[in-house]
Amino acid sequence: SAEKKTEFKLAWSIYVGWMPWGWAADHGIVKKWADKYGIKIDVVQFNDYIESINQYTAGAYDAVTATNMDTLAIPAVGGVDTTALIVGDFSNGNDAVILKDKSKLSDIIGQKVNLVELSVSHYLLARALESIGKSEKDVTVVNTSDADMVAAWNTPDVSAVVTWNPLVAEIMATPKAHKVFDSSQIPGEIIDLTVVNTKTLHDNPNFGRALTGAWYETMAIMASDTPEGKEAREAMGKASETDLAGYEMQLASTKMFYQPAQGVEFAMSGSLHKTMDSVRKFLFAHGLLGQGAPSADVVGIAFPDGKVLGDKNNVKLRFTAAFMNEAAQAGK
Amino acid sequence: MTAVSVQNLWKEYDGRVVLEHVSLEVAPHSFIALVGPSGCGKSTFLRMLLSAETPTRGQILVDGEQLPGEPTADRGVVFQRYSVFPHLTVLENVLIGLEFAASPLLGKLFGKARRKAREEAAGMLAAVGLGDFLALYPSQLSGGMQQRLAIAQALIKRPRVLLLDEPFGALDPGIRAEIHVLMLKLWRETRMTVFMVTHDLSEAFHLGTRVIAFDRPRNRPEERERYGATITHDLAIWPPKYPVADNETPPGGTTRPLDDAGAQPGRPGAGQ
Amino acid sequence: MTAVSVQNLWKEYDGRVVLEHVSLEVAPHSFIALVGPSGCGKSTFLRMLLSAETPTRGQILVDGEQLPGEPTADRGVVFQRYSVFPHLTVLENVLIGLEFAASPLLGKLFGKARRKAREEAAGMLAAVGLGDFLALYPSQLSGGMQQRLAIAQALIKRPRVLLLDEPFGALDPGIRAEIHVLMLKLWRETRMTVFMVTHDLSEAFHLGTRVIAFDRPRNRPEERERYGATITHDLAIWPPKYPVADNETPPGGTTRPLDDAGAQPGRPGAGQ
Amino acid sequence: MHRRLINAYPSRGASLLLSALPFLLILLAYLAGSEARLAVNPNDKLLPAFSSIGAGFSRMAFEADKRTGDVLLWVDTAASLARLLAGLAIATVTAGLLGIAVGLLPYMRSTFSGFIAVVAMIPPLSVLPILFIIFGLGETAKVALIVIGITPMILRDMILRVEELPREIMVKAQTLGASTWQIALRVVVPQMLPRLIDSLRLSLGAAWLFLIAAEAIASQSGLGYRIFLLRRYLAMDVILPYVAWITLLAFLLDYGLRLLQARAFPWFVEGRKQR
Amino acid sequence: MHRRLINAYPSRGASLLLSALPFLLILLAYLAGSEARLAVNPNDKLLPAFSSIGAGFSRMAFEADKRTGDVLLWVDTAASLARLLAGLAIATVTAGLLGIAVGLLPYMRSTFSGFIAVVAMIPPLSVLPILFIIFGLGETAKVALIVIGITPMILRDMILRVEELPREIMVKAQTLGASTWQIALRVVVPQMLPRLIDSLRLSLGAAWLFLIAAEAIASQSGLGYRIFLLRRYLAMDVILPYVAWITLLAFLLDYGLRLLQARAFPWFVEGRKQR
């Protein structure tokens, strides 16, 4: 039974790769595209990233901005069939492992590491440790809220953190901070998405079209070297309580897919396959694929090339290139 | 002009007997003074007359009819403390009784109806000597003035029975004398039946037409649980020390009449 | 055997005069009964005798010496309410006065010293008839027992002056009579000087060697702020109605002596 | 004259000085800490110099934000106060009405007293996700969190206060012929209003706490939102004046309520003095 | 017999039924909501079926965690209770001692009463960064947040209670020759202890709140930590039993304090009854 709707809600939270949503909403771009398809899209900003995903998972929102890992672990595991509509960027240095007074990654062994547990930071730490042949058992993880990370760094108790921008930039500005590992060393593994409820998207493809249309129009402005582009970037910086320079520094460590074609290419690539396999193994090891899950295969992940990772009868996360493709065609 | 009949009344609290075998016939327009040691159940007795407490056994009839199950407007009361509403002015404290009757929904009168009720209340207050203090709150009144207010508040409902629980205990002798005068005047005018608890024997003999003493006949520690207090003395004050109306019958007392008990009470605590 | 001299005492609160021109010479071993209408400053006067309040003008001498600036152990007090410590048992309430003196640091005695103090306290409690209730808390006592406890508590310090503020107001006649007897006995034995505020004239005349009345000579509303109360009557009760020791001088009274005021007091509130 | 410490009162001047003392000490401690940290790292953000705090405050309070054109402090204040007052108003009315009903009517008491005792023990922060799902994320949710956070407190207090009304007052009203409705309307409610203000004042602290917690999760303006956002950057030069501002607002609210009580219910304040 | 509602008491049986009613209604509402959501999405996490909740609880309470080998519920409970009790103990002792000193000594009152009134208005969560530098991020910080959160409440209450002691009691102690120290030790402190328990009970709710907030900030175990961690995955099948468990603990703590008061201070409880 198809459910036609005309009103939709998108939840987004403050992060370098998602700031365009706020700007697009403020500048009427979202409304323009929604009007074009005769629908209404409510763009709601969350302070708390996790709460935005929870709200989406509970059904209060039709779309949300999230990382690949959290999309799999929360809505998909929670039975909400979800489609990654837009692959916006991947973290290319935005997430980092930082040590105080020490400069080698191996110095982290035996330390307490402050990070947001079960987040992409946790994943990054696991990958970093893997890279030197160690595992999570060799450190002590202390769950620390992202809002307090900078303040925590400033206390003598804390000697190692894993976190993301803009917090990385803030911490690196203090005298004793040394970046010992960052996401540029695992390129393409921490992906920032705009995801949509699959059923809603299936019943209302125009919602997907409006979102991609608005997104890539914004991308085009943001990427341009014009005064308008600079103004947009400055506004996005301000909205995340930093300035143009700060925001551009964050962008530098983010691989943005400004053109839809780039997104399509990334989604179609085989590396996404490998990344998601690594991610689901990490989640399984931490018991996040559902309690009593017999293997990492319980939840199926479908890719644009038709391949499926895990249970084919229980596909809950789908990567699609269709809408980005449509936008790429329209843009030509 | 209301007769009260108390028939073999018992009251227990959690199996502890407080009052037992209390029987009493009260003639209309009596002024009953209740005395007795602390804790013997005088207040409990009044509360039962008010229906604020249910007897364990026995019954109370007012003009031959069973008491209703809860307090009603035909039995007024003045307590020693907390007898007036602290959040209402003197005038409002008296007015509210009229408003309850006339305005079931809001409990408040407006316009002409209010002016009329106000006049009646102000008249009653003037009668108890509070005519000049209508706008004050109880906390701004002295103890004596508060008790006069409580009396006015009770009397505006023209109760058939008025119950007073140590109403004048906290007052100094001058004010107390004034209130005694007032009380007797109102009692005579409204012809109601009054029950008054007091610790002051001289007050009891001065005001009462009949003095009733409660006490525990068995009072050894091991008996306290099992046996309660009852009426141990019942003295009619006759002839009355103030004029009574022609149509009044002498209030019934069961023991020896005291000639001059009212005029020359034994001074409390004088015996050394 | 302590003389008290009050010299032209004034007390104002925020510019409102409460007491004025109070002068009084009290002979040793007097029993002064203070009476007067509510709010006239009797309690204030006692508080000044205690140094719990400072006079605005004038001074008080005890045996010729200026009062110390704060309450001390040579002046004991019994208030109408809150006079004993609710968190201590009967015994502890009396013991604590001895412990304060003997143990500056902990305020508590142990071992032999405690046993000795305990004996003394128990003796005092037996004297006021509380010998069987040593382990009870005040909330488990009746009003009369609490007041006896307060008296024992004050007397264990052997104060030279004892101040009583309406100490027996809440008691019923029987218990009151008992306490009167006890009070007079203790007064005679310890030879202290007693000041007692009371609203009960018969009590005043029964216990006092001298009755002092406070009142406001000017009491019109517009005068209330500017003029306070002062001594309006000062009656020596002489000859005393109970035996006094040989070496006692008649307590000085400045106005007419009353022959039988003690035996036949005017009944309060009797005048209609 | 030698006196016991409990009888020693400072003079007016000394009293003023003494009351300023702890504030001065805190100020000095801050200054010392700030200088020490700034000496090590001139860019230290944790304990900024007073000049930075002043600049931060004036930026928030007097300069229009470039992006939105709003002066942020006032926008934040308006948003937060609106939520806080709405929450307080709803909680007060709910708890007042329900508390009076439960305190007054035996049937209501039987039904609700156990339930309220249990519900009052649930820490609202632990059920945040459920609250957000039920109330959405708009203004409703924020107001709801405040309401849910403080209603149980006020409610329990109200029930106690109603039950504390002297039995005599209830009997008296009945002897004047009042019905249950009339007793509630004319005897109990008016006597509860000033007590409700007391209870409200006691719960102000918790209300601010919940406001800040709610604004930290989803919102685009508000004092708590701003503090939360700036906390990531450790922008203490703005956070500290914001905290001072919140403290001032809380203090004024408390003071205003006390004033209201004194004005509107003179009988209550006087009655209390006499006790 | 027709009676006013205020005089109508339910029978014992009816009373029991009535008090169960709201719990039943909530349960039914949950069941209905849960079934409706599970019908649409059998993996729904928001309102899991009772069987899932039971499984979640037994997993936390009886099975050892794979990663650490601990049985998480007990580890969390032990960690949280240790923090909570430490915080309560420190706050109680501090507020008790300072409150008595301020309430009793005019010099202390002049010095601190204004300061306390202002400090009590600062929302502690808004000055977290400063607390971190002072107390670090370890157990100290969590206990400190609880202490800072509830001390002002207890303190203000204590000061009021000391000032409420009848003037007569103070005068009486002096006429028995007591020094200030002796009055504090033997008259005021013993009378304040049961009142301190009252005040502590009132602040239990806030203490839990601050505990959960503190554990959400930085920690490795604790009931609040677990709830916030699991919130990341909307694991309501564990969060709900945790909330119920916290509620039970809070209830027991409250009950224990009431019992302690009744046992240790019979004079206080009896005195209160008589009022």
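Note that the chains are named A, B, C, D and E in the order they appear, and that numbering of residues resets to 1 at the start of each chain.
As a convention for this text, a contact is a pair of C-beta atoms (placed from the backbone, for glycine too) under 8 Å apart; a residue touches a chain by one contact, two chains touch by 3 or more.
Everything quoted here is computed from the prediction, not taken from an experiment.
The minimum number of touch steps linking chain A to chain B comes to 2. Using the mean of the Cα atoms as each chain's centre, the chain most removed from chain B is A.
Placing every chain at the mean of its C-alpha atoms, the farthest one from chain C is found to be A. For the self-contact between chain B and chain C, the two sides draw on mostly identical residue numbers; the shared fraction is above half. Separating the centre of chain A from that of chain E, both taken as means of CA atoms, is a distance of 39 Å. Chain geometry summary: the mean Cα position of chain C and that of chain E are 47 Å apart. Computed from the mean C-alpha positions, the centre of chain B lies at a distance of 34 Å from the centre of chain C. Contacts with at least two other chains are made by residues 54, 58, 148, 151, 154 of chain A.
The multi-chain contact residues of chain C, meaning those touching 2 or more other chains, are 70. Multi-chain contact residues, meaning those touching two or more other chains, occur in chain D at positions 4, 46, 128-129, 133, 174, 179, 231, 234.
Contact between chains, per the stated criterion, is found for A-D, A-E, B-C, B-D, B-E, C-D, C-E, D-E. Contact residues on chain E toward chain A in their complex (touch as defined above): 41-46, 55-56, 59, 66-67, 128-129, 132-133, 136-138, 216-220, 225, 228-229, 231-234.
Partner chain D is touched in their complex by these residues of chain C: 68-70. Interface residues of chain E, counted against chain B in their complex, comprise 1-4, 7.
Within the complex formed with chain B, the residues of chain D that make contact are 166-169, 171-179, 181-182, 185-187, 190-191, 265-268, 270-271, 274.
Looking at the complex, you find that chain A touches chain D at residues 14, 44-48, 51-52, 54-55, 58, 60, 146-151, 154, 166-167, 170, 173-175, 235, 238-239, 241-242.
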